[in-house]
Amino acid sequence: MKKTKIGLILLEMILIVAAAIFIYPVFLMVINSLKPFAEVVTDVIALPKKIEFQNYAYVTEKINFVRLFFNNLTITTIGLAGIILFSSMGAYILSRRNTKFTRMAYMFCIIPMLIPFQTIMITLLKVAKTFHLSDSLWGLGIQYWGFGIPMAVFIYNGFIKTIPREIDESATIDGASTLTIFFRIIFPLLKPVTATVAVLDVMWIWNDFLLPMLMVNSRPQTKTLTLAAYTFVGQYNTNWHYAMTAMVMAVVPSILFFIVMQKHIIKGVVAGAVKG
Amino acid sequence: MKKRLLSLMMCLVLAGGVMSGCSPKTTGADAADTVKEAEAPKAADAEQTETAASDEPVTITIFQNMPEYTDAINAYIEEYKKVKPNVTINLEITQSDYPTMLKAKINSGEIPDVFATTAGGEIEAYAEYSYDLSNEPLAAAMTDAVKVNMSYDGKVYGFPIKSNTFGMIYNKELFEKAGITAPPKTLSELEAACEKLVAIGVKPFTTGYKEWWVQKHVFQHFFDAAQPDDVGGLVKEFIAGKAKFADYPTINDNFFKFVDLAVKYGDDKPLETDLSAEIAAFATGKAAMICGQGPWVEADILKINPSAQIGFTGYPVSENPADCVIIAGADQALRINKDSKVLKEVVELYNWLYTSDYGKKWFSEVAQVIPPIKDAPIPNLQIPTAMQEILKTEKAGDLYINYSLDSFHQKFGEIIQSYIAKAYTKEQAIKEIEAVWPQLGVAQ
Amino acid sequence: MQLGQKNKMKLENLSFVGPCLILVGIMVYLPFVMSMYYSMTKWNGIAKEPIFIGFQNFINLFTGDQNFVRSILFTAKYSILFIVVVNIISLLLAVALVKKLKTANILRAIFFIPYIMSMIIVGFIWRFIFSQGFASLQAMTDWGIFKLSWLGDTKLAFYSIIIVSIWQAVGFYMVIYIAGLQAIPDDVLEAATVDGAGGSYRFFHVVLPLLGPSITTCIFMSLTNSIKVFDIILALTGGGPGGTTYSVTLDIYREAFQNNNYGLGAAKSLVLFVIVLALTTFVLHIFKKKEVEM
């Protein structure tokens, strides 16, 4: 018994050291964002001589952080709302009714999971232009509907199958329309799986890079945080202190989101992964 | 040698003359315009402000690269507000993936009013989107060398915000300390200089070989020496697959000798040293010479070490000191979208930048760049001053990089990186360069 | 009445499923079909009209273009190594972190943090660490590993990309394995211990088989993610040094946007699709078979 206890303590020590090394790059990013340029160039690992936030003031103004934050929020909210609404409605019918149409439609919806984004990114630009979806936050959010639906339909479909049919059948007898049944009875039951879809899609849309780069990178008013960090590093290539600051600022909202939502995120990841 | 260069310059001047207008009449008129504008900018300003009130508000979208000049560009935008209060300018600057984004915009039909490309080959590739500036005052104000870089098929399709120069940058103090009296002009002198620097414990080179574009900047000096009379012609031969490296010893042997030398006497991790690492190593006095950079690094060097003594010279490319020249010209261009809804206002803006009193000062004082226009002062910086000094007695080399597209230059850089990494022998590298030049050198 | 009922059903089908079909159709299928067309043209992405050239791009792809074949090999090498290593490390971490440790929750969170950051930013952080941080660490410790050119050496650059990818993703797979381990009933483990099974025997013969579904999930996810690797390489090496670290996706990106060959890029992207399709069907087929056996 004692032996295992000592073993556990030893294991814990090893893990703590490993975790410290593991997270050290993030730590370096943070301390270098607090240093002036000369200190970053001369010694990266030294702690800042004194903590100053002037890099933050500079970058906040340069990339217009507040605006970018709300851009991200807008895109993510629009994208998420559409994905959840359309996928849950679609998956409800697709999993409840077994006809030729629903079987075909289901395949049509989930096959895109196999199409790599790079296969369509070149021509997507033309499509987006035709439908006036490029160069706007709304347009980008709407595009995420198309890309998010396949996985969401897949996850919802699997979950709805586990809900007993008797529930909607008894409601039908009471004379409720399909729409009412869905919104009053089924949708509330989908809460846990909706949380999964939400967590997965928020992390995806919030951090996405290539699609925003093709669609909304042209104007500072429509940039996202990741894009801003990317172009900022490109622009201020030589100024690592500002680059680090921009990256910290891009990462902090995600980390805060993680800390607040930790339990849901981990549950969501597991549920999504097991279902997916 | 000098004679050759002289004839080259003559050609350039002549070509410039031809390109600036079809008939001498137009050229004369343009020149007169310029003078008038320059003489009476205040009157013009007053006139414009008067009409401004009735002018409709317009918005000009500028989408360009070269973020190092963001502040300077914002300064002229600010100033232009005083001239034309009805004009709002949306400025978007980005460096990484600029070509990708520009193409994304063109394909989505949202072409900005002003966009940027490289000079030379891309002038042609984007000609169908560009407004022909040949008869505008700004074309007349350009220096002849710059005008050549901006032209295709006899028409001026772009204008730069700076003229550029390329050469080797060295630390004067370290050279003195090592007992090197004059910058090396031949490859053997260069090697001797490296030895002397090593003797005082200084790393001779910092190379920046992580950046693919460093290679094109260095290589052009060797290429210029291969056939100085007709650099563009020789590039065409390579693109046609007719020319061979083996016929030109400066690119076949000397260039690789130089790369070897720079690696041997250079950074511990040559392929990991990027622009910022290069600047840091040079500014802190760890390395004495910088490869593949130009005047754009001076400000950053001075930021780290305000008292840096920066020297500027051509690359030693052979055993003939006369081959060692600096290169001058414009390698980046701004273009005006010919279908712009605010075409008139855009052209007016850049005519103003090129010909007004403020504009003339803007280049040297605000942006601190070498002006692309005639009769404007050189900025008070070490590299441009050195360039001016050198060009008093020597001729500048031709801008080789303009004759091929960047898609080739990038591949070229990668091939040389493979050579440095010893994944390729010299022969393999040359073979692949000869093979990709026809594929990537020109727009297809 | 009957007919009306049927029509009503059809209308409902359309109104519930329609939005999904339209959105997926426009965003995915339409560009996909257009890609098929462009793959048969010569187009630089700048000129206004593409030129139709039939299957020439596909022929060039496998005869004239070494880059593409090289990038396929790179991606294959990367995927295999990534799948093996990330699964082993995350499984080990999971096994350690389901034990009753005081700091287990904090440690799990720490290992998960890189996964919530955008991959572009992860790439930049590590570029900074490799190029600037290692120089300072070398000055302090004088250890050989910091002296190596992690991003500049053609062989090491490959491993740097692997290391960074694993660093970013390990927390994700760890979480799935932890969930799998927690689902194993305690009495099964106890029974094995009572039977006198040693630690490693118990792990390989009792725990691992019970983890089957988690392993399936993790291998499948790491496969699909590693074939599409893009952001990390773009930020970390940009394909360098000497063009040795181009993945298929990065090669397509370069072909279309840097080399101005949209047509060829579209052709490459279709080949990528076929590869992904074949691999996924193959892997799913194997897993289905196994699950039946179980």
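Letters are used for the chains, namely A, B and C, taken in the order the chains are written, and counting of residues starts over at 1 for each.
By our rule, a residue touches a chain if its C-beta (ideal position, glycine included) is under 8 Å from a C-beta of that chain, and two chains touch if they have at least 3 such contacts.
The model shown is predicted, which means the values in this text are computed figures rather than measured ones.
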Topology of the chain contact graph, where touching chains are joined (line, ring, star, complete, other): complete
Pair of chains joined by more contacts [C-beta pairs], A-B or A-C: A-C
Taking each chain's C-alpha mean as its centre, the one farthest from subunit C: B
Rounded Å distance, subunit A centre to subunit B centre (Cα mean): 41
Length of the line joining the C-alpha centres of subunit A and subunit C, rounded to whole Å: 16
Sites on subunit C at which at least two other chains make contact: 45, 132, 253
Where subunit A touches two or more other chains at once, by residue number: 126, 230, 233, 240
Touching two or more other chains - residues of subunit B: 97, 100, 107, 274
For the subunit B and subunit C complex, residues of the former touching the latter: 97, 99-100, 103, 106-107, 125-126, 128-129, 209-210, 212, 268-274, 277, 405-407, 410-411, 414-421, 423-424, 440, 443-444
Parts of subunit A lying in touch with subunit B, wherever the complex brings them together: 37-38, 41-42, 125-126, 128-129, 134-135, 213-215, 217-220, 230-231, 233-240
Residue numbers on subunit C that touch subunit A, as the complex places them: 9-10, 12-13, 16-17, 19-21, 23-32, 34-35, 38, 45, 96-97, 99-103, 107-114, 116-121, 124-126, 128-129, 132-133, 135-137, 139-140, 167, 172, 175-176, 179, 213-214, 217-218, 221, 227-228, 230-231, 235, 248-249, 252-253, 256, 262, 265-266, 269-270, 272-273, 276-277, 280
Interfacial residue positions of subunit A with respect to subunit C in the complex: 8, 11-12, 15-16, 19, 22-23, 25-26, 28-29, 32, 40, 43-46, 82, 86-87, 89-90, 92-94, 97, 99, 101-102, 105, 108-109, 112, 114-124, 126-127, 131, 142-143, 145-147, 149-150, 153, 178, 182, 203, 206-210, 226, 229-230, 233, 240, 243-244, 247, 250-251, 254-255, 257-259, 262, 265-266, 269-270, 273-274, 276
Subunit C residues touching subunit B - in the complex, by the definition given at the top: 42, 44-48, 130-132, 147-154, 239-244, 253, 257-261
